[in-house]
Amino acid sequence: MNVQTVLVSMLPEHLLLAGLCLVLVLDILGRAPRTSFALALGTVVAAAAAAAVLSAGGYAAATFVGQLSVSPATSAGKAIVLVLAVPVLMLSRDEFRDAQFPMLALASLYGACLMISADSFLTLLLGLETLSLPVYALVLLAMQRKDCAEAALKYLVLGGTATGMLLMGASLLFGWSGTLAIDAFARALDAPSALARAGAALVLCAFFLKAAIFPFHAWAPDAYQGGSVPATAYMATIVKAAVLLAVVRLFGAAELSPAMIALVAVPPLVSIVWGNITAMRQPSFRRMIAYSSIAHAGFLFFALLGAVEGRFQAIAFYLAAYGLMSLVAFTALPHDGDDAVDDRIDSLKGLFHRRPYAAVTLAIAMLSLAGIPPLPGFVAKFLVFRNVMAAGHTELAVLGLVGSYLGLYFYLRVIQYMFMAAHPYGATQAALRRHAFAASLVCLVPVALLTVFPGWALGLLRG
Amino acid sequence: MDKTHALLYLALALFALGLCGVIIRRNLLVMLMSMELMLNGVNLSLVAFADRMGSAEGAVLVFLIFVVAAAEIAIAIPIVLLLAKSRRTLDADAFADLRG
Amino acid sequence: MLTAIALLPLAGFLLNGLFATRLFPNPRGTRFVTLVGCGLPILAFLLTLDAFAELRAGGYVPLSETLYTWISIGGAPFAIEFWFDRLTAVMVLIVTGVGSLIHVYSVGYMKGDESYARYFAYLNLFLFFMLLLVLGRSLLVLFVGWEGVGLASYLLIGFWFADPEKAAAGKKAFIVNRIGDAGFLLGMFVLYTALGTLDMDRINAAFMASPGPAISATLVGILLFIGATGKSAQIPLYVWLPDAMAGPTPVSALIHAATMVTAGVYMVARMSGIYVHAEGASQLVAWVGVLTAFFAATIAIAQNDIKKVLAYSTVSQLGFMFLAAGVGAYGVAVFHLYTHAFFKACLFLGAGSVIHAMSGEQDIRKMGALAKRIPVTFWTFAIATAAIAGLPPLAGFFSKDEILWYAYASERGGSFWLVAIAALTALMTAFYMFRLLWLTFLGESRLDAHAAAHVHESPFSMTGVLVALAILSAIGGFLSIPHVLEPMLPLPGILASRSGAHLPIVVLSVALGLAGLLGAWWMFGGKAERAKAFGEKVAGVRRVLEGKYFVDELYDLVIGRPLLWISENVFLKIGDRALIDGTLNGLAALAQRTAAAMGRLQTGHLHFYALLALAGLLGALAWGWRHV
Amino acid sequence: MSDALILNVVLWLPVAGIVYTAAADERRPDAVRGWSFALMLVQFALTAWLYLRYDAADPGLQFATRLPWIPDWGVAYLIGLDGYNVLLVLLTAFLGPLVVAGSWTAITKDVRLFHAMVFLIQFAMLGTFVAQDLFLFYLFWELMLVPMFLMIGIWGGERRIYATIKFVLYTAFGSILMLAAMIYLVWSLKTTTGVASFAFADLYGAGLKPAAQSWLFAAFALSFAIKVPIVPLHTWLPDAHVEAPTAGSVILAGVLLKMGTYGFMKLGFPLFPDAAREATVIVMLLGVISIVYGACLALVQTDIKKIIAYSSISHLGYAMLGLASVDLIGIQGAVMQMVSHGLTAAGLFFMVGMIYERCHSRNLADYGGIAKLLPVYSVFFMVLTLAAIGLPTTSGFTGEFLALLGTFRTAWQAHAAGNSTMLWLAGVAVTGVVLGALYMLWFAQRFLFGATRAPHAEHVRDLSAREVGILAALVAAVFWLGLFPDEPMRKTELAARQYQQLVGGARAVAALPATEARR
């Protein structure tokens, strides 16, 4: 371990930390929140760029041996997470005037980056908690809403339970293998030891819970709905991305045995169906997105069924496509005042006539989430199922695809409301939200790139 | 039954007790305490394993868990306060506005 | 030249159809329509004469002309080719000749109709397709014409489409014809599959060669004949023809008497190479023909609409033609086709003249004693009636006599029963035709005052045509078509045992005609009471006959209604709505209900969420445990 | 400009149109319409140029463009014209300007969006046809859903939401299984031959095991059958047609349904020849059922649009028969039937739209004697009706005749080999000729003839020059294909032969029909 390695390999983390400290200082000094916001945004962009450069440069290093290491893949993962954070931050600006959101977000992102490159359960726990704790607070930030505390509570209690399960699992694995290195999990999956199996199952369930996989999903709809738009966007994209990237790392090179396949495939499969069906009747947009995210989490876990080499690529691409598209959707939501009203899908009615740009982008987002080509969501899904099928799980792939079909309806319903119905409340033309608009442009550029050059993107994520 | 096993069973019992507490108890504070109980179960098992292995790693994790537990509570308390203020109750079942 | 013959009427159609309908109401437009509408068919007739001269000069070697290749698949071309041999010559002469006459007649008949131009456009269109039908070398071209004349017929029957019944009659004609066409198509398919060609001369040659093709001539013969039953109004598809009388009368004369309906006969004669080798099919043709002749004649006896009588008479006469064709006497069939074209056209046009005189009245019970008022019409009508009744030396006598003779003595299926039924039919033909003549022109006047005041003879353009056709009906029989065609369509041999019976048949034939005449005179020539009394005596029979054996009703009951019922109740209500959409809507509802149920599981209670998670955890642990 | 480039321009011109509409001014709808029309016209002109340049003697891909796109998977941007798609591309481009012109006065709401959707549809349809790479094909195939969904849903009739969602969910269900099959197919190609490719040409040689073929064929066939549609997967069509605006119906009937038959021809059958051969009788049976069932249902409809919708089901049954026959004549007939139906059904839907614009009713019972009221309209209506019936000299005859003849030839061979099932089917199929005349003439009679009766009859005017232009173009095309089908059919013949070889394999070669032996 030398200083240079630590400096370079963790450059994104360092940048985030520095940014966080600066923002804190500025806030204490009582500077305008605008400055903090700009600084945070710059920090995230810089960190994302650093991660991207590290990844593109093929930089790999064992920063802290046995605890934390960096590879092009981890850097790419960080880059994705950080890029997704940029529009989230911009979105938050419309909702929150003070510097709390950027601060919490920077802290949380630091945790995400740690988690992504964690080599041991120690680092993993550190990262996970640094990621999660600010998010509980983020949910709570929407103080003007009566439900946000309830949402935060549910998230916190179940999140805490997940931490408990992860730690219990880690502890059992520690007892079985004598080490806290995360590759113990991969080995434990197939080990003929009850201790190992129990540990692995506990860890897996903890991640199921964090990623909102059935039957550990129940917190997600409530938390998404109760929070604010930016908080929901953060949970739906960044938290999910960080958790899934950690899961890929956790699974490492583990080839799944048939018994384990059932364990890894069935809950995600149920999630896909459950999420897609339950989303059909939701009156709240964020709640619907929550169920949608439950289904997407299912697809993401499906990618683990594929061969080892393709897992990271599939999950990373999927996360990028899914995250960007969800964010596009969030940027397009109406913001006419009362959040409870805005959140109703009903209030999307006639959106095309009020804000055509928003309606079109939201429609594109919905179609991509539904997996309609040529949008990135389709390529992502294709990639996942291609890998699953190539690994020989034809039936599972077919079931998963049929499950994805079930989701088509509720995405279309959104489009239907926007384009084919008149606005029920006779709302007036809303003023353009500059930050949301900028955020949507920030998302749409990479979306366009992913749409036109998916081959290039896949090449970058080859892992 | 050796020491490690005994401790492990105890730890698991604590963990299960905590989990059940989260599920069964109605009072929010008790639920939070149950969560801590789960973490303590983990701690116990870690210490037991660390003791058997003679490895410091487990012990380090234990300290980390103390911090995590404290942080969680630090976030949880304001939430509980907010809730209690709004409803004048600590009954978890009172907070079920978000559903469906 | 053949191309020109066929395309001239098409040009007429296009000119009249595209331009004249716009010009029409002014007098110059009318002149233009008349000139184009009549001039081009006459020109075609003249060209046909020229072509015929060429054919003769060339020693009757068929002329052929290729227009273009319609399509060529796998190197096998479907060519649009015209073919002109003896049979074609006869047919084209009839078509263009009689056609031209009827065009000229129409000038007077349709004068003042608001759709004058449209009428001539349709008529020219018909002529074009009819010429295509008879000129085509391949069955495909024939079929194009075959369907095309059906279209023209459809348009002309429904010419006065504002009357839904007339429009319905046109539709019925088209659809019934289509049923026949389906059979015809199958026949074509079989032929093409087996022989790889649709050229009729090649098909005939292939069947004539030995060994013949590996398909059953009878099958092909029957399939093609199904087409003929449609077009030529034979049992079971004759039902459209009487209804087709809804069209303008010259149309009935041209299409539904002289030309189009004989297409089936032409086709059978043209495909004689097949029928010669298809004993079963020929038997079928003969029997269908004779039975149709008989049934139609019985119906004709009881009809009171002047055109309906003639329509059933046409069906009946077509039956005679098929009878001839069925016993192998194809030349004789064409002979009867040829004489029939004259006298039936004359009759229809005469009927048209009567209707014209009667200001549109068609019911013969409201006529009578018109002979003096419209003498030209009467005399021409009378000559044609005598001709159809088979009185010598008029045209019908010759052809009908030959049919009876071959029906009896042909060694290709001549039989006593055939001739017996045919003779009975001939008797009835004479009877109902003279009945028509008497009730219309002779006896007491039963006109109402209004109609009586307006009775007038038709203009020269109409009567002139009547006279011309009457003359042809009178002398047409002296040109022995079977003889003309014999090198191409040899007549069948005569059964040795019956070879001496020709004279008795001739006598019988004449006697039948006379008997019919006398019978009609006896019944309708005297007092009206006699017919009435007789009618009452056989009221049941009469009702059946007047009701046309209720075949239309039967078809409706057996085919029409079940089809609609099944479509509506089984296919639409059960199939589409209940089964398919029911299933799908059910699935959609199920999804919605499931969504609601799943939503209810999201109770909002933290405890329950944790319980779910615990259940999941225990499940995972248990699964891990089991598979250790 | 090279011809390959022109093909790219043809394909991407609609995207330029979308960009244009996005930038255009909603307050000047006529400008939007005019420019859209001009763009479509240019597209058609370029397509016509390509059509004329198309070399009938070249069996390969013409005007091809091949660019690597997702090299990891072997996906390429590979487009080009061949005998399979050349006529359909021409048809699509031909209908484009007509659709724009036909919606000139009918669409007054969201004009820009409407034209953007028309362009998007055009793009997707052309892309589906010209794509020579399965991935690309699927992309366009699915993309199609989106604009169609909006088109029916925004500018449709009363039950438009139900109809459009039904349409999308129906179609997407087929697509999702096709996607699964496609992934499996490409993966098998990779495992058996080591080639990672989505190119049709490579996939034809995948050499799948019969068991796998059956599954994959079933998945592909389901997707295509829904699109065609084949009974019993057809119930989306009447609803979609009835609710869609005229432009939607025209596109749906004119081109979209052909994507299904095209899919069978280009992919369904040739990719899985063994399975396809096994299924021949079933496909034929379904084709025949479609013919008869569609016709019967058309007979009892009271909604004008539904009559034509059900007639589409019936008509495309012939195309399915022709394809299933694997007989050169039958295949050519199927192709012709597709194009012909594209013209006649499109024309009839235009005509229904025109009457609807005038009288605001689609209920047949409201009408009568239109021939008196609108003589010019009625002439066109009659011509298109007759073309739909398959009267000789129209394209409908060319298609039906050849398709049935081909079916019969195959059936006869099977009969000679001792299996008469197909022969019976062919026989029943021919009755479709009668049923077709029955419902169309029944319709025409009640609509055109009888006493004059129509809602708002007093204000009704005969066709405008614009409308006459649209219909005249269609009618001209109908007669072109009816009278002179040789030239277009020569351009498809080599593809038909290739299809025959791919699907028929040994059988097709062994049983060369008499015509070819004669040559």
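The chains carry the letters A, B, C and D, assigned in the order they are written, with residues numbered from 1 in each.
Keep this in mind: contacts are C-beta pairs under 8 Å (C-beta built on N, C-alpha and C of every residue); 3 or more make two chains touch, one makes a residue touch a chain.
Here the structure is a predicted model, which means the values were calculated and not measured.
S.K.: Which contact partners do chain B and chain C have in common?
M.R.: Output, common partners of chain B and chain C: A.
S.K.: Could you name the chain whose Cα mean is nearest to the mean of all protein Cα atoms here?
M.R.: Answer for the innermost chain: D.
S.K.: Pick the pair with more C-beta contacts: A-B or A-C?
M.R.: Between A-C and A-B, contacts are more numerous in A-B.
S.K.: Just give me the whole-number Å value for how far the CA centre of chain A lies from that of chain B.
M.R.: 26
S.K.: Indicate the whole-number Å distance between the mean C-alpha point of chain A and the mean C-alpha point of chain C.
M.R.: Between these chains, centre-to-centre, one finds 77 Å.
S.K.: Just curious, how far off is chain D from chain C if you go by their C-alpha centres, in Å?
M.R.: Whole-Å distance between the two chain centres: 36.
S.K.: Please report how many Å separate the Cα centroid of chain A from that of chain D, as a whole number.
M.R.: About 43 Å separates the centre of chain A from that of chain D.
S.K.: Give me the residue numbers in chain B that touch at least two other chains, ranges are fine.
M.R.: In chain B, the residues touching two or more other chains are 19, 22, 31, 95-100.
S.K.: Quick one: which residues in chain D touch 2 or more of the other chains?
M.R.: As it turns out, chain D has residues touching two or more other chains at 169.
S.K.: Hey, what residues on chain C touch two or more of the other chains?
M.R.: 599, 602, 604, 606, 610
S.K.: On the basis of the stated criterion, which chains touch which? Give every pair.
M.R.: Pairwise, the chains that meet the contact rule are A-B, A-C, A-D, B-C, C-D.
S.K.: Can you check the complex and tell me which residues of chain D touch chain A?
M.R.: Touch list, chain D to chain A: 68-73, 75, 110, 113, 138-139, 142-143, 145-146, 149-150, 153-154, 160-161, 164-165, 168-169, 172-173, 176-177, 179-180, 183-184, 186-187, 190.
S.K.: Can you list the residues on chain C that touch chain D in the complex?
M.R.: Going through chain C, the ones touching chain D are 21, 68-76, 143-144, 147-148, 151, 154, 158, 161-164, 167-168, 170-171, 174-175, 178-179, 181-182, 185-186, 188-190, 192-197, 563-564, 566-568, 571-572, 575-576, 579-581, 584, 588.
S.K.: Please give the residue numbers of chain B that touch chain C in the complex, ascending.
M.R.: For this pair, the touching residues of chain B are 19-20, 22-24, 26, 31, 92-93, 95-100.
S.K.: Give every residue of chain D touching chain C within the complex, in rising order.
M.R.: The touching residues are 166, 169-170, 232, 234-235, 238, 293, 296-297, 299-300, 328-329, 332, 368-369, 371-372, 375, 386, 391-393, 397-398, 401-402, 404-405, 408-409, 412, 426-427, 430-431, 433-434, 437-438, 441-442, 444-445, 448-452, 483-486, 489-490, 493, 497, 513-519.
S.K.: Hey, which residues of chain B end up touching chain A in the complex?
M.R.: 4, 8, 11-12, 15, 18-19, 22, 28, 31-32, 35, 38-39, 41-42, 45-46, 48-50, 52-53, 55, 57-58, 60-61, 64-65, 68, 71-72, 75-76, 78-80, 82-83, 86, 95-100
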